[in-house]
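Think of it as A, B and C in the order they're written, each chain with its own count starting at 1.
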Amino acid sequence: MKKYTSISDIDDLESIIREARGLKSHNPEYKVGTGKTLGMLFFNNSLRTRLSTEKAAKLLGMDVMIMNVDKDGWALEFEDGAVMNSDKAEHIKEAAAVLSQYCDIIAVRAFPGLKDKEKDESEHILNSFQKYASVPIVNLESATGHPLQALTDAITIQEFNQVERPKVVLSWAPHPKALPQSVANSFVEVMQRLDVDFVITNPEGYDLASHIKKDTRVEHDQEKAFEDADFVYVKNWSSYESYGEVLNVEKNWIVDQAKLKATNNAKVMHCLPVRRNVVIADDVLDSDNAIVIAQANNRTYAAQVVLKRILEC
Amino acid sequence: MKKYTSISDIDDLESIIREARGLKSHNPEYKVGTGKTLGMLFFNNSLRTRLSTEKAAKLLGMDVMIMNVDKDGWALEFEDGAVMNSDKAEHIKEAAAVLSQYCDIIAVRAFPGLKDKEKDESEHILNSFQKYASVPIVNLESATGHPLQALTDAITIQEFNQVERPKVVLSWAPHPKALPQSVANSFVEVMQRLDVDFVITNPEGYDLASHIKKDTRVEHDQEKAFEDADFVYVKNWSSYESYGEVLNVEKNWIVDQAKLKATNNAKVMHCLPVRRNVVIADDVLDSDNAIVIAQANNRTYAAQVVLKRILEC
Amino acid sequence: MKKYTSISDIDDLESIIREARGLKSHNPEYKVGTGKTLGMLFFNNSLRTRLSTEKAAKLLGMDVMIMNVDKDGWALEFEDGAVMNSDKAEHIKEAAAVLSQYCDIIAVRAFPGLKDKEKDESEHILNSFQKYASVPIVNLESATGHPLQALTDAITIQEFNQVERPKVVLSWAPHPKALPQSVANSFVEVMQRLDVDFVITNPEGYDLASHIKKDTRVEHDQEKAFEDADFVYVKNWSSYESYGEVLNVEKNWIVDQAKLKATNNAKVMHCLPVRRNVVIADDVLDSDNAIVIAQANNRTYAAQVVLKRILEC
């Protein structure tokens, strides 16, 4: 694996899932990362991603250096040809090239601004690191994708699946703030590559980008979508059509036990953090239907298999 | 040891002190913490606690992951059943359960708000971690206790003691800000378990909680309390009776050389940070009476013995 | 080496440069830092210094503990005899003494205020750590010097030099903010000790302190200074004479390809971060003349040789 910036960097999804599940049950003594350094750069806050990736790297024997870039370092300029006489002290060209000398892999978290669709879709932060760094880049959630989460989700579905071809529903949920489409996008991309019956359900106005959803079925009636579902993946995202907006939605799209009745006793997933009783009700999160904690645990092994593949490359 | 959230988690105080002093003079090659991870979560600032605990863990061979929770992660909700449609992004239920999968021990610093006695005494942050985490919790100073400091203090008193049954005085001191009772509480609890002549001295209105001081003698005349003292432990705390308030005090309770004259050339202790010439005068801190630096050094070994005991459990 | 707070702590400049270049090509298996701890204290932001020093310490086998002092710890008091009843919670006397027990080497970054020349020149932060710590101090850029950068610069010049006695020009450059003289000062000090033809060029009013520049030639005509230069070291600094001020300068002192024409195809250096098209033009930074990335790489080996020498002491 040369880098891991999107789900499309995985050639052999089944084999990577198998390897991750193997690492989970038996972590090898042999440390492929000994003497190697992972640099983790955060432009935004993080709990799970930060700790699970740090842990994964250390399980491989790597040293880890963490920077909250804008808080602890210098504000970065990304525009080519900029005259830097304002608030940005360092250009990505230098920052990425220098970091490539201190680190063997650079991992970057950079959320979208959700104001300018074109700018967000250009992935200017992630792609600038890719362009100017000379070491592999790992995406810790970018403007439009969260491929470590999506790999985790695929691992978790395989782990909990008990039927031949499960029905998986990605359900939009309410949220007081405008959130990125990143998690949903990458989840869609990975589901499209597994042998599952995959449906997206969201209110009108919340359809994901057509280049993401492709020919995946979108059902605007949540109840109908939930029928016989084996897995319900719950996640809020802001509108893609009315870019970055939080639209008025008539019904309450929260996932609770009442709605699960139509499902095949579905397992309920969420990337976390989850707002209780807004996104998912306590009666689901505190029940056996919820597998969000086991799902979060798989973050470590998804990160480990990705870092391992990159180091072995 | 199953956890270390209060002094009462220590069954064998004498033996744990002996073991800590042994670690100080001879740190074993054998690393009981190899392959284990300590997660340190800070809801408040820290210097000594952070660095000494990090060092202790590394002396045991552990990996250490540090989070300034609210700054680097997500604001946490602690109320059961909360509808999370405001500023809190993650519930402690998920946070603690997830962290338990990434860490083998979770250490938490969470100061009291000093506004609501009942809430502080419920130790809602520390106890929520205990309730929802599946790994042992270590208290890095909570709303009402600082047991790592208290163990350090016991180690230090045994180390410096030169008489059969020393007189130990806990003396309140002035401070411009309202501080927790945590350090004083835990110090009282540990002194009650050592074979010492223990006296608390503080102005009227500053008596510690009766469930803490129990039948320990409280002397409101500082001069009288200091007579023949072998150890003077200096610490400010805000009023417990007039909860969280800084009361007017007529005399100046600062500890200086003039006041030490009545003592048995007492050793002077403080948990640090100490405000010079407010809490303790330069003429004491810069003299041989002060053992605050040696005391701070023992923080490492107190933390090490606690982590070691937990790992061996 | 007993400490590294200024270039004058190096006795044998040629040999230390040789050793650093050796570490770069072959990093020994033997870890002189095993079981030792580096404490890094930041009073100001840092990217390169932080990551390269952390990496250097880990290459030596050291554990590294990093504190953003004022953000994560307690505001420090530096005045002797201060009555600490205001915003400073801890005196440097205690902080330095305590840290000396947790760390084997303490590294400190503390920029000048640029308001009070006398205070800045007293190096009160760095020197207070030296005075009150009992372990060696390493300067990560202080009020008046940046000796790790200067050693890096000497290594880099030796590495890229192709003539017997190169002409090295330190050129002042424009910048929107008032910056310290630290990098320029230490660069001047190290150049004075190498066998180079060294010239400083800066606008009138920007001469460095006379105790720094000594008898080094200062040329106020940039074009003239650049004639036949082999190395051009570009750096902004605020006025020393009109202390901390940004003065009006008539010509544009930016370094671009047009200005390099007079040089001997000079290599262009900068400590980074560099403001593109303000300090140095894109046409230089994106050309083979710029060696700023290779220079930044040498930060690791400069730090490593310094830490190694201190550990071996």
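As a working rule, a contact is a pair of C-beta atoms (placed from the backbone, for glycine too) under 8 Å apart; a residue touches a chain by one contact, two chains touch by 3 or more.
For each chain, UniProt lists the protein as follows: A, B, C = N-succinylornithine carbamoyltransferase.
Keep in mind that this is a model prediction, so the values were computed, not measured.
Q: Chain adjacency by touch: line, ring, star, complete or other shape?
A: Topology of touching chains reads as complete, every chain touching all others.
Q: When the CA atoms of chain A are placed over those of chain C, what is the turn angle between 0 and 180 degrees, to the nearest 5?
A: Between chain A and chain C the superposing rotation measures out at 120 degrees.
Q: Shared numbers divided by all numbers used: is that above or below half for chain B and chain C, i.e. same or different?
A: different
Q: Using mean CA coordinates as chain centres, what's the gap between chain B and chain C in Å?
A: 40
Q: Provide the residue numbers of chain B that touch chain A in the complex, in ascending order.
A: Those residues of chain B that touch chain A are 37, 39, 63, 65, 67, 72-74, 77, 81-86, 88-91, 93-95, 97-99, 101-103.
Q: List the residues on chain B that touch chain C in their complex, please.
A: 42, 45-48, 50-52, 54-55, 58, 68, 176, 272-278, 282, 285-286, 292-293, 296-297, 300
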